[in-house]
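Input: structures, listed below.
Two complexes come next, and they have one chain in common, subunit A, joined by subunit B in the first and subunit C in the second.
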Partner chain A sequence: MLLAQQIINGLMLGSVYVMVAVAFTLTIGMLNFLNFTIPALFMVAAMITWAATAAGFHWLVGASLGMVVAIIASLIIERFTYRYMKAKYGDATEHALPLVSSLGFLIIFEHVVIMIWGTDPMSFNSPFANAQFVIAGLIFAIPQLISLALSVALVFALSLLLKKTQLGRALRSIAEKPDTATLMGVDVGRIVPVVFMMTGFLCALAGILFTINYKNVSPYIGDHVATNAIAGMVIGGLGNIWGAIAGGLIIGMVEVLSIHFWGAEIIKVPVWGLMLLILVFRPTGLFGHTRIGKGKF
Partner chain B sequence: MLLEIKDIDVRYGRNHAVKTISLNIEQGEIVTVLGANGAGKSSLLKAVQGMVRLSGGNIIFDGEDISRWSAPKRVQNGISLVPEGRQIFVSMSVEDNLLMGAYSRKEGDISAEIEAVFERFPNLKERRHMSAAVLSGGEQQMLAVGRAMLARPKIMMLDEPSLGLSPLLVKQLFELIKELNDNGLSILLVEQNTHMALQYADRGYVLELGDIVASGTPDKLLADEKLTEAYLGGG
Partner chain C sequence: MSAYLTGLIVILCLNIIIAYSVFLPAAAGQLNLGAAGFMIIGAYMDAYLNSADDGLGLPMLLSVPAAALFTALIGFLVSFPILRTRGIYMILATFAFAEIVAGIVLNLEVVGGASGFPVSSHAELEDLLPVTIGVILFGFYLISTRFGLAMRSIHDDESVAILFGVNTRLIQVGAFTIGAFLGGLAGALYGHQFDYIEVQNWGILFSIFVLLYVLIGGTQTPWGPLIGALFFTFVPEMLRTFGEATGWELIGELRFAVFGAIIVGMMVLRPEGIMTRTFLELLFRKVPRRSPQNPPNNMEGV
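Presenting the complex of A and B:
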């Protein structure tokens, strides 16, 4: 029974990883860019949700503000990492500079937050602390169920968007052949920011749900969640949004079950050990494509 | 005059790919640009499409100076390029490739036009929902032309469309170009298959190392012995 409860908890935790993993996989699949500011976007939305609620505002005010700030921050990052490198060197996807500048943004964002609120973990006074129900002795927290449903629904919606809409086709064309996309009339400079807005949205949503579900924030939560999301993305397959669901949920379960069986000190070892094992035996991940690099939707 | 290229230069760093050349295309013409590898033919087309920046000169299209327009804006206003190597989106279905061709369109019944492309190319129709990666080279070229047609261009530029096709398919391709031209589409054709290109073109230009070294009607170009020997594959 306890094990069944742990599996449920793992899935719920995993649903937050899924959203962040999808954010990573979108920029990798579209732009071949490992966006290191993703943890900061997650953390900023979480901290603002907490700070606004602690200051007496309705939690929705904090969440909306966190969402807006994360999306704007993501657009700023696009402007000064990806687009800047592209304008300067013709192609931002062929070298590590955008990655390094996104790492710079991550550190700056984290330290701005530390300057404002310090490094101590803060507890979030969740309005849904008792929103749960029990089936056959198993506890289901409603906000966590909502996260799980939302993350699956978002991946569904995203895959429909990519497959069926004009915007989706434009995004896929950029992922495969940016020059030919331009020949078709796609304004790459206007479409790429859309990817970054999606990134900001997904990370902020994950950060807000994490805050509500686990009632704890700190300037470093983004690092923990995002590294696990990267492991999940790799396990699912780089650039594959369906793989991100599987990978995110697997990591959530591995993490919770490792704590259950071996304790909290060791959790990083099974998570990253599993990722490395999968990289050795299936370098493309469980659902990945045969090509590593661009154009995999 | 539909397209007037005036003294344009294209440079890639130190490489002067197109050296102050001028050429023009009247409404309804098929104009071919011939020359060896590295003569600057592709750079010329890319400059007209807006894919490379001009370092000098002007491009006038339909009475407007488009030299500073972005490539998407040029597509929207009636310039389409069928790129070298076809550049089909292999991660997409055949139909999605055609829909990409219509990306810049804001009006018109696109689905009817897609059906018209399928009527023209039954092979594509059979595979409309399959990945474009399964198409043969000839089918890919047809898809690339069909995709460009869906942008409803006033001028279609083709970069080495016959490359890698069997003689039968090359013949079909040129017949298709001729048919599109009969329906009013102006054509700017870059080719290494000089024999076929001159057979179908109204006029031709010969490019060498970024310079125009000869121009005129196919008869005139073919009559020039030195030219045929040096550039036109011995006639």
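Presenting the complex of A and C:
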């Protein structure tokens, strides 16, 4: 019974990882850019939600404010990372340049937040603290269920968007090759910010749900969630959004179950060992196809 | 010399050594986000060998090289699976390696687990300085050799390097292993400076910062890691002093944010790093400045 409860908890935790992993996989798949500002966006949205609620506003006000700030921040990030980073020399370390700028942004955001609110973890008074129901002795927290359903629904909508719409076709052509996309009449400079807006939206939503579900925030929450989401993304296959769902849920399960069986100290070894094994022996991930990464990575 | 300055120089020396450790693979086109992993291995191996109570009680002069060699061995062994990956995949694989090392050491009761491990012998700045200078000279020497030339050719274009008969696998494994050696050395020296080691000192942010030193300094020349480490050690301190001196405390408090802004600005304005080959040539006037009236003569200086 305890194990079944742990599996449920793992799925719920995984649903937060899923959204962040989808954000990572979008920028990698579309732009070949490992966006390290994702933990910062996640954290900023969570902190703003907490701060507005602590200041006496309705939590929805805080959540919307956090979301707007994260999306605007993501657009600013786009201006200074991807947009300037056109290959000039083609040497081996050049693909890391947007990564370096995004790390710069990560440092900026974390320290601005630390300056405003300090480094201490804060507890969030969840409006749904006792919203849960019990089936056969298993506890289901309603906000967690909602976030699981929301993340699956969002990814479903996203994959429809990519498959069926004009915008999705433009995005996929950019993923294939930006230069060819430009020749085919895709306005790359206008489409790329859309990817960043989606990133900001997904991270902010994940951050807000995380705050509501786990009831505490700190300037460092983004790091742990984002690194686990990266592991989930790699396991599912870089650039594959359905893979990101599976990978995020797998990582959530692995984390909760290894804590259950071996304790909290060991947690890094199974998560990162799994990721390293996948990277070395099956770099396309569990659900990726062989075309991913071909000639791009 | 004030204690503050001594402390700063100790950190600078360690930063320089770890920067060269990441620079060598980077100079051969391999980005390593796992500096923390090698430093943890070096620090714990050294502390264990050096400790009289729990370990073997070797003197510092033996334990430090032994720990660095052990790290090099680990680096050699992991380089084969890790070098199967490239680009973003390699960044992620080295990062995963560092996290796994941290996770394993955290559970090794023989070296104290999560509560850390005390280091028996203490080393002074006077012991650290010659090692650091040696590492810098070694970095410059290595890049000037044929091995270094091969590394640079892989960095610039791997396919062409293969076409010219460079054994890229050998060079990359070599660069990665030497990098691991220096990482282990930095870790061992860290332990002897601060007398206490904890895995928590070497998290993801540490590895990120070291990779930033190298990329901001520039991966084209051996000046890169030196300048990067100087920049990263002194700029935040200078910003703090500046904030205190001018009374704009905001700058002091926000020094890391200002610093992040400098990184973003650098990548926009000078993405190849502070020090590049062309800049070096310009500084030391190896070639005349190129202009349309004076087209470059490639035979000059050969």
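The rule is simple: the second predicted complex is superposed on the first by the 282 of 297 C-alpha atoms of A that agree within 3 Å, B and C clash if a C-alpha of one lies under 4 Å from a C-alpha of the other, contacts with A are read in each partner's own complex, and residues count from 1 in each chain.
Basically, contacts are C-beta pairs under 8 Å (C-beta built on N, C-alpha and C of every residue); 3 or more make two chains touch, one makes a residue touch a chain.
What you see is a predicted model; the values in this text were computed from it and never measured.
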With both complexes overlaid on chain A, does A:215 touch subunit B (first), subunit C (second), both or neither? neither
Subunit B versus subunit C as contact partner of A:273, first or second or both or neither: second
Which partner chains sit in contact with A:282 here, subunit B, subunit C, both or neither? Use first/second/both/neither. neither
Given the touch rule stated above, what does A:260 touch, subunit B (first), subunit C (second), both, or neither? neither
First (subunit B), second (subunit C), both or neither: which does A:105 touch? second
Dominant contact partner of subunit A by residue count, subunit C or subunit B: C
Touching A:227 in the superposition: subunit B (first), subunit C (second), both, neither? second
Overlap of subunit C and subunit B interfaces on subunit A (superposed complexes): 297
Show which residues of subunit A lie in contact with subunit C when the two form their complex. 28, 32, 34, 36, 80-81, 84-85, 88-101, 103-108, 110-112, 115, 223, 227, 230-231, 234, 238, 265-269, 271-273, 275-276, 279-280, 283, 293, 297
Residues on subunit A engaged by subunit B in the complex (per definition of touch): 166, 169-170, 172-173, 175-177, 179-187, 295-297
Listed in rising order, the residues of subunit C that touch subunit A in the complex are 26, 29-31, 81-82, 84-89, 91-93, 96-97, 99-100, 102-104, 106-107, 113-114, 154-158, 204-205, 208, 211-212, 215-216, 219, 253-254, 256-257, 259-264, 267-268, 271-272
Residues of subunit B touching subunit A in the complex: 49, 51, 70-72, 75-76, 80-81, 83, 87, 89-92, 96, 99-101, 103-104, 147, 151
